[in-house]
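Structures incoming, each one as structure tokens.
Two complexes are shown next, each including chain A; its partner changes from chain B in the first to chain C in the second.
So, the complex of A and B:
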């Protein structure tokens, strides 16, 4: 029947896209949405996971973590760690990208530098943590070089001193993460028409004016996109801090991810850990919404 | 305003490729000079050397009497309009036009006053707050002009500024740029590969080929008295028809027919007699060929031709023909080999012509408009 055939064809056309999407939707649902909803549920329960019939706790666990000074310290450390990382990732990435894009540098040297600069990206978080633990240990290379240069008088325990530990892990994270910016900005730089710079040369622009008035505005979409993504990712960094300092000494490098982990797997307070995880989720969600809105506006 | 003088300018690239060879050119104060030539002839390179965007390998370049060879672009007192316009997409029209003044640290009020004046001249006042992406091609072109004008330079350099516009707009902008240049009286060097732009816009036209200057002259002189077969073929659309012939007893002998030469042909060209009995390159423009069946063609001698195709343009017919003669290549690398239909000549007939494809006709030739070139050097005789 032609009419039946037509309606079957229409149904097929309407359903086809969802059939194609269904495997990924199923995986996302099972591995992401379900755990997320479960964790949100746990944060409102007493003795979640540990008891078969947990009672409703309301906002008790949220109150508990908000009254915990370690939580606020973790939040502050997370913000410091994240902001410093993003700012320096961007600055270092930009400087290296500009260097690699400059035709004043010999092409062979440029290729060598390109490989060298991208190296940190090749290492996993565990290797980066181990490298920096070795470099920054009291008898490590960094102390020895700094002492020889006369910058420090005695050996510094970078990861073991509460004054330096947070800066040390932030430094290690900056080192590990700038290549993403460098590669993205380099691609952006290569897309800026040469005419813009030639027109600016004729108009009398100095190098810094070309950077401010042409390069940075042209790269702004990339800078904003990558910065937002980096902010979201860095906020959730766990392995680097866990392996280097474990959040210590005396909570000086405790961030929201290690704080949550400890609540869950050291104190077995899974309800409070869930509340802390939900706080991280809300902050990340806010940034993600901002990112999506920015992408849509473009 | 200033004169621009190029003396023995050469440009050699690292691989020993010589893009410009001994270029001598003198552009007078307030003159509109067109640099024209086929792709890769070095016209853009020459312009970029004047702008300071390319180094000059050897030679001297003076703008307003000052040797600028070692000067950076900003100190040469020139402004350039790029083929792509090079408008900054993140800036408004106002910011684009005012950019050089901003760099120079000019006060806001002065910037506004000057930009407003220019916007008024270019009819951009209502668009000052728009971004380039929201403008049409013609408007962008005008903003690019505005950005050049704001600096009140000694010379304007324009690198194919109309090539991104559609055909209709191009005609309009051609007239706008020409009248603006006359109004401002600024020395202008304009690069194009479009010989119609060259012929209609410039006070003088410099024709380049392979980095070598072929001829600098007024458009009329270039058309009427090309110095060689290349210029003859390059200037004029459709191109001049060039054929191999032998000069014998006052006649041009082709394979199967001959054209009698009038005494006048020898009067202006005493050297022509020395080609007696020798091969010669004979040239005639499509507009100097006529349909012998029409009044306009009756007074001229005729040669046999076969019509291969006709392009009816309304105001005229472009007629592709085959005549029994060997065609000569003018040396224009951009010339389209449109002789797939076995045609080797083009004529421009009045629309009254009733010829049709495939017909054998008698082609009238205006014997007062012949051109002759040496078969070896291709230089005009």
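So, the complex of A and C:
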């Protein structure tokens, strides 16, 4: 084969994969990279979007948000909301998955429970927010039941009191999110070979020992993967918090997403909102890289 | 046969095309962005536009309609990118920002050139001396009183002053029965409660939250209002859940006999009747401070109208604005919207056919429209800031004076 023909062939082979990938790359570029780069650009401009000739602002908007105590409160609330949600999603998901996987429960009852436990997953965030607003309002069912049981003496304003609002909204999110863990762990449980448990039985292992030394280690890859994904998703939750409390009362449930939204659509400070969005992007990116590294290591 | 008909048909077709093309070239198409169409009976705004087109040959109107929030975002982006529609529906809270972007045309020269009678309009919203908005339809906010609850509580005279209101609210409150005298929605999602349910007390007594174009929240009117609301709260007369309560929830509580009094838009009268046909209620003006006998400011929200500064058809756009502000058309539009007119001579038909609206119209006629948030920069953000400080006050974190001082500090930063 002449040299020219050979090099052309090599070039074709090198280019071909990129040509196959080009439609996807184009879509990713247009729908993901372009908006991301645009928002990053806005965060360095004065009066971004609102003026046709925005000037360069440098790091001014980043400085402004880092000097804002509400931003730091939002970051703390986001971390509390996310960590509590992930821990309880995992715990409840594990308990329910073990229950649904247990042979001790009647199969018919198990099927009924399976449907019941997965219900929160079927509702959209708006429906969940409305349900919990109704349940937790001062004259709602929860207060009525708790008062009748003598647990509380007077009506609690769950979402309207700065002391309880963050816990209440976290509780609603825990209720909404555990089925993801439950379903994933149930699938994992069904994949653990029975031989392990039979060997443990022969060795005289107790139920909790089987859980600690067989079940959890076997499920660990799923637990870590889903926890990381849940962490990333929960950090960005917006509609549930916005509809239930709007970030209030005062700033007690302000999280990074509501903080950014208010900057953009209440203050019309789109430059500062972009800076805040970039901070969220960086945190999410860090977690995503951690997730990818973990997946690669496996 | 075919050969004889074909040339004739061709000639007719050519003539028709020529006529169509000529008229198409002569036509000016105005784009009119607003959120009113979805809130009016189906097809009614289009019918008004058809009448306008018939009265103004050569001008066509394309309606760009959407919900309020979408329209707001669309207009903000349109102003930034220079693609704002020729005629735009406006909320008073937006005009300052839009004016700062030079997005709105000054209608003063248009009024002068066309000999427009300025005395016929209820209000002209001006920013930096530029006439940027007319309120086409106004939704006033009187106090709704549940007459049955009032009678049961022994309230024989409906309150006219703040002290009377406090007494009435105390009497109507029976917390063990989930019944309260008043309802205050201060959710942060839509902080309009600050405007409608808080500042309305200030404006009703002819007072102001501003001085020389700057916020004056530390002044007596606002501090007194906050002190009064705190006294209502301390007396336990306000329905619980203030910090997350929305306007819809406020109306629901009133409809379900859970609150005796609320400040609300007149636009909700029909909704309230629909939800609870048995509810016996009356409308009164917002009570005033002791010994005040002057004209009462009536809080309102409005459907405003303005013209894009970048419009190539400002002359035609002005014709449309004039048309909507004219006595008969304005009366027709506000009758459909259950609103009060932007033209002072227009009389909507519902005020004669409906007792409640009739009474509200009397309140409207004897008072004046008051909404100082109209034209302020980032009005919604100002409301949010005030909302947060008011929430802190109501939870006992700070005094009315501190709430006013902190809000003043936040507001000044925005001016």
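Quick note on the criterion: the second predicted complex is superposed on the first by the 275 of 298 C-alpha atoms of A that agree within 3 Å, B and C clash if a C-alpha of one lies under 4 Å from a C-alpha of the other, contacts with A are read in each partner's own complex, and residues count from 1 in each chain.
In this section, a residue touches a chain if its C-beta (ideal position, glycine included) is under 8 Å from a C-beta of that chain, and two chains touch if they have at least 3 such contacts.
Since the model is a prediction, treat every value here as computed from it, not as a measurement.
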item: Partner chain in contact with A:266 - chain B first, chain C second, else both or neither; value: second
item: Touched partner set for A:250, first chain B, second chain C, both or neither; value: second
item: Partner chain(s) touched by A:217 [first = chain B, second = chain C, both, neither]; value: first
item: Which partner reaches more residues of chain A (counting touched residues only), chain B or chain C; value: C
item: First, second, both or neither for A:209, with chain B first and chain C second; value: first
item: Partner chain in contact with A:137 - chain B first, chain C second, else both or neither; value: second
item: Contacts of A:195 with chain B and chain C, given as first, second, both or neither; value: first
item: Contacts of A:49 with chain B and chain C, given as first, second, both or neither; value: second
item: Chain C-contacting residues of chain A that also contact chain B; value: none
item: Chain B - residues contacting chain A, complex; value: 51-53, 72-74, 78-80, 82, 84, 86, 88-91, 99-100, 103-104, 147, 151
item: Interface residues, chain C side, partner chain A - complex; value: 73, 76-77, 79-82, 97, 101, 178, 187-189, 240-245, 258, 378, 380-381, 384, 387-388, 391-392, 395, 397
item: Complex interface listing, chain A residues touching chain B; value: 193, 195-196, 198-205, 209, 213-214, 217-218, 220
item: Contact footprint of chain C on chain A as seen in their complex; value: 49-52, 133, 137-139, 155, 157, 159-162, 165, 242-251, 262, 265-268
